[in-house]
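First chain A sits with chain B, and in the next complex the same chain sits with chain C.
Moving on to the complex of A and B:
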C-alpha cells in the first residue's frame, strides 16, 4: 500500500472554501472525470494559505502544488485573494529563481460555478507534473552534497560558479582615494564633537556608533553612554555593520532616546522600522554620514559599487560633506542575478542546493538583519514546528526560503546577511531578485517612505496575474 | 488522547459504486487515534445521525470524521448531531469522498485508495481541533439611518414603530429625497407628495426618531451591535426650535439663486426652504450665497425674523451616537445629461432631463403643474422623449440598465397627454423593459389608449431649428431615418450612484465600479453587506423603483430587528487570535484585515506603566478569513478552526 502511493504522482491542491472548493464540488455534481492525483486541503481563503504550507508539502514529497481561489472581485472576504495574488507573485518568483520547475507550482482562479474549469485545471496541472516524473526531483538534497548531484550537472554548476567568480573579479576595486584617511579622521572628529553635544544637552541618552575593532581594518558597534566614551567613536570605511539592527531590540529601547550613526543604506532600514512601528521617530536622532562606500575583503563592497547615494535620505545631523559622486562601477549583484536567471532551472536548482548545503544554521544572517526583529522567530516555534531547527537539509531549505520570503518588500539591500554568512551563501542574490521583482510588478522600493504600505500587505485591483490560470 | 470516530457513508450507491466502503472503513479503523469506524447507507438520515450520537456517547469520542459528501452540503447537519450528543461541533470534519472522489473518478481501486487517504488526512486534522464556543456580543438597540429619502424614511418608521430608537441623518435641509420631487408615480398615478408627505411628518413626529437634517456621517468606529458614530451637523444659521416657518425672512433676502429642488427651473433666496412641505419646516441659510455671513453685512433676514431664530454664530457641530446597526440609504443621482452632448442638454433650454420634467408636471413645481417649456414658457405641442440616455452605454461608464426609465417615460408621456390634449408625444426606445406588477399593462395603455408614438431606435442628435428642436433619429424596425420637429425634448437619464464622500471606507463596505454599494450576496443576502450590522436600502445598492426601495427598506429594517431581537449576537468562533507573548506589533495584520478587526492593545504593569503594545483581534468583528495569519511572519496570529497546527497536520499527512 505504502509503496503504491509512493510511486503515484501526488499533487496538493490548496483551495479556498468559498470558490474553488465549491468549484470542485460542482465538478463532482456534474460527474466530470478528472485526474486522481490531486488531494484537496481546504482553507477559508487563499489569503490564509501561507507559503510555508507549500514548502511543507514539497518537504513531504508531493510532486506539485496547486493553489486555487476566487476570481478577483469574488472573494468572500472582499480582498483576501488580492493579497494572496501579490504574495504568490513573489513566492513563485523566489521558487523559480531557486530553480523549481514552474510546472510544480501552479495557481488558478476557479469560481463555485466553474466545475468544468476545475476539472480542466486539475488535468492540465497533473499532466504537466507527470511530464516531469522522469526528471529527478528531490526537494532537499541530503548532505554531504557530493554525489547527489550528477556529474554532468555538477559540471554545469561549476561553470556557473566560475562565471559568478568572474563577475566578482571584474568588479574588484580598491579605494584609490589618497585623501580618504584625512577625510575619515576629520569626520571622526566632527562625529565625536556632535556626540558630546547631544549627550551634554541631554538630547539623547546614548550614541550608537562604531569603535575600532580588535583586529586591524575592522570596526565594532559602540554604545557611547558617557561623554568619555564618545572619544572611542570612529568613522571609516570599515564601519560595515548596519546599526539599525539594534534599534528594535528591547534592551536598546529601554535606553530611551538614542542617537545612531547611519549610512544611506542604514537610514533606509531605519525608515523601514518606522514604517513597521518598531521605532518611534521621536526616539531616534539620526547622525547621517557622508558615505563613499565600505570595504569588504580589501575591496569596495559589491553593494557600494552601484550605489550613487552619498547622503542618507533621512537624518537629523549631517557629518561630512557629500563627496563628488563616482560614477557607478557596474552592478555585480544584478549581473549575477541575471546570470542565474539565464541559467536553466536545473542549473539554478543545483546551484542553490549546493549553496544551502553549506548552511550551518548559525542564524548570523538573522542576527544582523534590521528586519529580523521578531523576538521569537518562526524557526523557534514548535507548535507546529514549521522549520526543523538543526542543520538538516529540509529545514535548511525551508529556512533559507522563508528568510528571503519574509524580507520581501522590506529588505533595503544592506547585504549584511551575505557579508556575515560564514558559509558564504549568496543570500544577497535572493534578496535582490525579490526586490527587482517587486519594483517591476508593484513599482515599490523598500526604504523610500514611511507612509506607504509595504507591498505584500497591500494590493491593487489590477495587479498582474499572468501566472494564474 | 484523541478518540476519533469515523463514519463512512455509502450515499446509497453514489459513493459505494466507486469506492469500496467496507475496505475504507477497515483502513480507517486501523488509523492511530481512531477508536470507532463504521459505514452506513445514508449517514445524514435520522438513523445515520443517531448512529453518530450513540457512538459519541458510548465510545466517548473526542472528534469525528464523516466521510460522505461536501461539507458545504452537510457540515451543519453533522455539527448539530454532535452537539446534541455533547461533542463540541467544531470537532467535526467531513471527508469529501463523493464530490471530490467517487463522482469524479471511475477506477474503483484508485478511488478507494484516495478515499482512505482523504480520511486519514482529516483524522489528523480533527485530532488537533480545539473545542470552540460561539462568541457572544452585547448590542445597542438604536439604529442609524443614513439618507432621508423614501428608503430611509420607510426603514425609520418600521424600526420606530417596533419600539426601537432611530437616528436619521440627512445631508440636505429636508427629508424626502428624490421622491419628493416626483409628480405622480407609475403605474398607479398616485400623487407622489400625497403619499410621501404623511410619511415624512410621521417620521419627524415619532417619539423614537431623532431627525438630524443638514448633517453628515463623519466617522464610524466599532462593530456590529456597538458602532460609535460621529455626525457633523452643518450650521443652518436658523434655530430649529425657534423657526416658525413664517417665510418673513424670504422676501427681504436680496440674493436669488437657482433652486436645486426644482433642478434650477425656479429661483430661491439665500435663506430658503426647499419646498413648502419640507420636514423639518425650518428655513436654512445657505452660507455659500448669503451676502454677509462673515463679516455681517446684510442681516436683513435677522431683522425681519420676529422669533429671533436667525443665529449667524452657529458653528459646525459634531455629535456622537452609539448605534447597533446602520442602514445605508443614500439614494441616487441622475446621470449628468451634459455628457450626452449630442442631445444638447445644458446648451438648449428646451432639452430637459427626467427630474426636470417631473418638476414641470408637479402641481407644486415651478409651473404649478402646467407643462410649459423653459425657453419661452409656451405649451409644447410636440414632445420627444429619449430613453436610455447614459444607461446601457458602457462608453459613458453606465453599462447597466437603470430599470425605471421605461416606466417613467411612459408615465411622462401619459401625464403630458393628459395635460395637453392636442399634443403629440413620441418616445425613442431601445427595448421596453416593463417587468413589474401592472407595468406592461401601463405601457400598453400609454401606447394604445393615449396614442403615444413609440419608435424603436436611437436619436443621433438634437439641434435647434427656428425655435424648435430638430430631433434626428432612426427607426430600426422600418430602417428609416426619422426627423421630428419638437417643442420640448425630455431625456430619460440614467440613475447613477450618489457621491458617497468616502462613506464606503468609513463603513468598511464595498462599492462596485459604478459606486453602488455591494450586497453580501446578490441573491440570498441582498440587503446585508459584508460588514455585519451594516445594511443597504434603496437605490444606494442599485437602480430601483419606489416599490422595490420600500420593500428593501423594510427588509433592512427587519434585518435590524432580527439583530435587535437577540439579547446578544452569536458569532462563529472561527476567528483569529493573537499570541501576545510573541507579537512584535508590526501591525501588518491590521493592514490586511478587510474588516478592521485588529486593534492595538497596551499591556501595562501594576503601576500602569506601558510594557509593550500588541495586536488584538476584536472577535465581534473578525470574520475568520485568516489573511492576518499569513501577514504575521512569526505566526503570532492564528485562526481558530483553521489553525496552523490543524492545517499543518493535514499537510504532513499528505504523504
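Moving on to the complex of A and C:
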C-alpha cells in the first residue's frame, strides 16, 4: 500500500482557508470528480505561504506545487493575496531562472463558489505535471563527490560555461588611465584631511574607511578612532568592501556617530538601510567618493562596467571630482543573465545544481550583505528546521534560493556576495535576474529613495497576474 | 628512509595503474569552473605536475567530510530502530549520496596541507579514537610535492614549516633541476623520499625496474637540493618573520582592549574556518530524510554567534571580539600548549579569502 502511494504523482496544493479550500470543499459536496494526485494543505491566507514551504515540498519529493487563493479583492484579510501575488511573481521568476519547469509550479485564484473551477484547475495542473513524468526530475541532484572534489561537468553545461567565460573575456578591461594613481593619491590626502577635521570637531567618534591590506592590491576596512589613525586611510581602486555592512553591527553601533566612506553603490545600500529603519540618518556622516570603479582579479569589476554613477546620490561630504563617464563598456552581468535565459530549462537546472554543489555553507555571502541584518537567520533556526544544515544538495539548494528571494527588491547590486564566495558561485546573476524582473514588473529599483515602500511590502491592485490561472 | 629517483613519465604510468586498479587519485587541478582544487584525476596524461595551482581549499574533507552521518534511526512498527554507522562504510554519505569507499592516493599535496594532518591526528586519534576519522585516515595515502609557487598570503616559514617540509606525508617528491636529470633521462625527474610504511607499500605494490635505489651521494645531494629550493622559495615569499614558539605574551593579553580593535572589522562569517586545513570544530544536527532521521556531524566555525550559544540564551562569546580572540588563541596558544605545535600551517587561505582581509599572521605577530 505504502509503496503504491510513493510511486504516484504527488502534487502539493497550498490553499487559503477562505476561498480555495472552501472551493475544494464545494467541489466535493457537488460530487465533482478530479485528479487524486493533489494533496491539500490549508493556510490562513496565501499571504502566509512562504517560498520555503514550496521549497520544502519539492525537497520532500512532490512533483509539482499548486498555490491557490482568493481572487484579488476577495481576500478575507483584504490585501493578503495582493502581497502574495507580488511575492510569487518574483519567486516564480527565480525558480524558472534556476531551470524549474514552469508546469511544476502553478498558481490560481479559486473562490469559495468555484467548485467547478477548482476541479478543472486541479485536472489541468495534474495533467501538465503528469506530462513531465517521463522526464527525470531531481529537486536536488546528489553530488557524491561534493564541492571541492567534484565530478566533471555535463556537456551542455560545459558549453554554457564556455560562453559565460567568453563574456567575461570580452569584458576584461584594465584601468588604462595613466592618471589614476595621481588621482588616488590626491583623494587619499583629501580624505585624511577631512577625516581629521571631522574627528577634531567632534562631529563623529570614528571614521570608517579603508587602509592598505597586507596582501598586494588589497584594501581592508579601517576604523580610525584617533587623529593618528587617519593617516592610514587610503582611497584606491582596491577599496572593494561595501562598508555599509558595518552600520548595524553591535561592536560598531557602540562607537556612536560614525563617518563612513562610500562609493555610489555603497551609498545605495546605506539608503536601503535608512529605508528599512536600520540606520538613523543623524548617526552617520557619509563621505562620498568620486568613483571610477574598483578592480577585481586585475581587471575592472564587472559591476563597474555598466555603472554610470560617478558620485553617490547620498553624501554629507564629497571627496574628489566626478570623472567623465567613459564610453560604455557593456554589461557582462546582464549579458550572462540573458545567456542563461536563452538556455533550455534543463541546461539552467544543471548549471545551477553544479554551482550550488560547490557551496560550503560558510555564509560569507550573508555576512557581507548589508541587507542580511536579521538577528536570527532562517538557516540558523532549527525548530522547525527549514534548511538542513548539512552540506547536502537539499540544504544548499534551499539556502541559495532563500538568500536570493529574501533580497528581492532590496539588493542594490554591490555584488559583494559573489566577490567573497570562496567557491565562486555566481550569486550576482540570481540577484540581478530578480532586480530586472522587479524593474520590469513593478517599475522599482532598489536604493533610489528613502521614502518609497520596498516592492514586496507593497502592491498595486492592477499588478500583472498573467501566470495565475 | 629510502630515496629513489623517479622520472615523471614513470610517475604518470604509476598513477595510471593506480587508477586502473580502482583507487582514486586526487591532485591539485584546475576545474572547468576555473576553480583550483584537489580534484579526482581522470586523465593522468593531462594532469599538471609542475606548476599545478595552489588549491583554493585544503584536502581536509578527505579526512573530515563537511557532512558525516553518525547514526540513523527510524520507527518500525512502534519500535525505534537505530542504525550505527561507525563501523559502516556508508557513514559519509548524506542519505541518497553514495559514499566513495575507494582508497585515495593524494598526489601533489602542498607541504602545508600535508602537515595539517598532524593536527587532525592529535584531535581525532586521542582516546577514544574517532572511528570515522580512523577509517578515512586508513584509506588515504599522501604524496607531498615540494612547493614551487608561494603566494602572497603564504607564511609556512613563520610557523616552523617550509616549502620542502615532509611533515604528514607518506611519500615526498622533490623535483630535480633539468640539468641533473638530463644525464639520466629526458623527462623531468623527482627525488622520492619514502617516509612511512604506507608509502613503502604503495610503491612496493607496483612492479617495475624504474625505481632505482638511491645511492649515498644522492642523500647528500637531496639535502642540498632541498636547501637550495627552500632558499629560493623563501626569497619569493613576502617578508614574514618566524613566529615566536612561546604563546605566553599573547595569552597574557587576553583582556587587552586591542582585541576589540583587531576584531572590529570581522564579519563573523565562516570562511576562515572552512578553508582552514587545521580547523576541525563541528556541530551535531538531527536531519530528516523522508521517514529516516540521522544525526549528522557538520563543519562549524567559532566565528559564528551560534557556536557558543547556550540553551538558556546566554552566550559567553557574544560579539566578534570574543570569537576572533578565541580563534587566534586556539590556534596559537591553547593548541600549542596541548600538543607542542601551532594549529596553523601558514597556508594563508584565511587571509586570501577573508572578505575584509583580516590577517591572522599579523595578529599573531603583534605578540612577537
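Just so it is clear, the second predicted complex is superposed on the first by the 459 of 469 C-alpha atoms of A that agree within 3 Å, B and C clash if a C-alpha of one lies under 4 Å from a C-alpha of the other, contacts with A are read in each partner's own complex, and residues count from 1 in each chain.
Definition applied: contacts are C-beta pairs under 8 Å (C-beta built on N, C-alpha and C of every residue); 3 or more make two chains touch, one makes a residue touch a chain.
Owing to the predicted nature of the structure, the values given are computational and were not obtained by experimental measurement.
Peer 1: Label the relationship between chain B and chain C on chain A in the superposed model as either fit or clash.
Peer 2: fit
Peer 1: Which holds for A:61: it touches chain B only (first), chain C only (second), both, or neither?
Peer 2: In the superposition, A:61 touches chain B and chain C alike.
Peer 1: Of the two partner chains, chain B (first) and chain C (second), which one does A:358 touch, if any: first, second, both, or neither?
Peer 2: second
Peer 1: Pick one for A:424: touches chain B only (first), chain C only (second), both, or neither.
Peer 2: Touch status of A:424: second partner only.
Peer 1: State whether A:83 touches chain B only (first), chain C only (second), both chains, or neither.
Peer 2: After superposition on chain A, A:83 lies in contact with chain B alone.
Peer 1: Taking the superposition on A as described, I'd like to know which of chain B and chain C A:165 touches: first, second, both or neither.
Peer 2: Second partner only.
Peer 1: Would you check which partner chain A:309 touches, where first means chain B only, second means chain C only, and both and neither mean what they say?
Peer 2: In the superposed model, A:309 contacts neither chain B nor chain C.
Peer 1: Quick one: is A:223 in contact with chain B, with chain C, with both, or with neither? Answer first, second, both or neither.
Peer 2: Only chain C is touched by A:223; chain B is not.
Peer 1: Quick one: minimum Cα-Cα distance, chain B versus chain C, in the superposed arrangement, integer Å.
Peer 2: Superposition on chain A places chain B and chain C at a least C-alpha distance of 7 Å.
Peer 1: Intersection of chain A residues contacting chain B with those contacting chain C?
Peer 2: Shared contact residues on chain A (touching chain B in one complex, chain C in the other): 60-61.
Peer 1: Would you tell me which residues of chain C are touching chain A in their complex?
Peer 2: Interface residues on chain C, with respect to chain A: 26, 31-35, 37-40, 42, 55-57, 59, 61-62, 66-67, 93-100, 152-153, 260-261, 263-265, 267-271, 273-275, 283, 285-288, 290, 296, 298-299, 301, 304, 306, 318-321, 351-353, 355-359, 361-362.
Peer 1: Along chain A, where are the residues that touch chain B in the complex?
Peer 2: Interface residues on the chain A side: 1, 4-5, 10, 12, 17, 21-22, 24-25, 27-29, 31-34, 36, 39-45, 47-51, 53, 56-57, 60-62, 76-80, 83-84, 87, 119, 248, 276-278, 373-378, 381, 383-384, 386, 406, 453-454, 456-458.
Peer 1: Across the complex, what residues on chain A touch chain C?
Peer 2: Within the complex, chain A contacts chain C at residues 60-61, 142-153, 158, 161, 165, 213-216, 218-223, 241, 245-246, 249-252, 354, 358, 360-364, 366-368, 380, 382, 385, 388-393, 416, 419-420, 422-424.
Peer 1: Which part of chain B faces chain A closely enough to touch in the complex?
Peer 2: Within the complex, chain B contacts chain A at residues 70-73, 96, 98-100, 103-107, 110-111, 113-114, 117-118, 121, 510, 530, 574, 581-582, 584-588, 591-592, 594-595, 623-627, 629-631, 633-636, 639, 641-642, 644-645, 647-652, 654-655.
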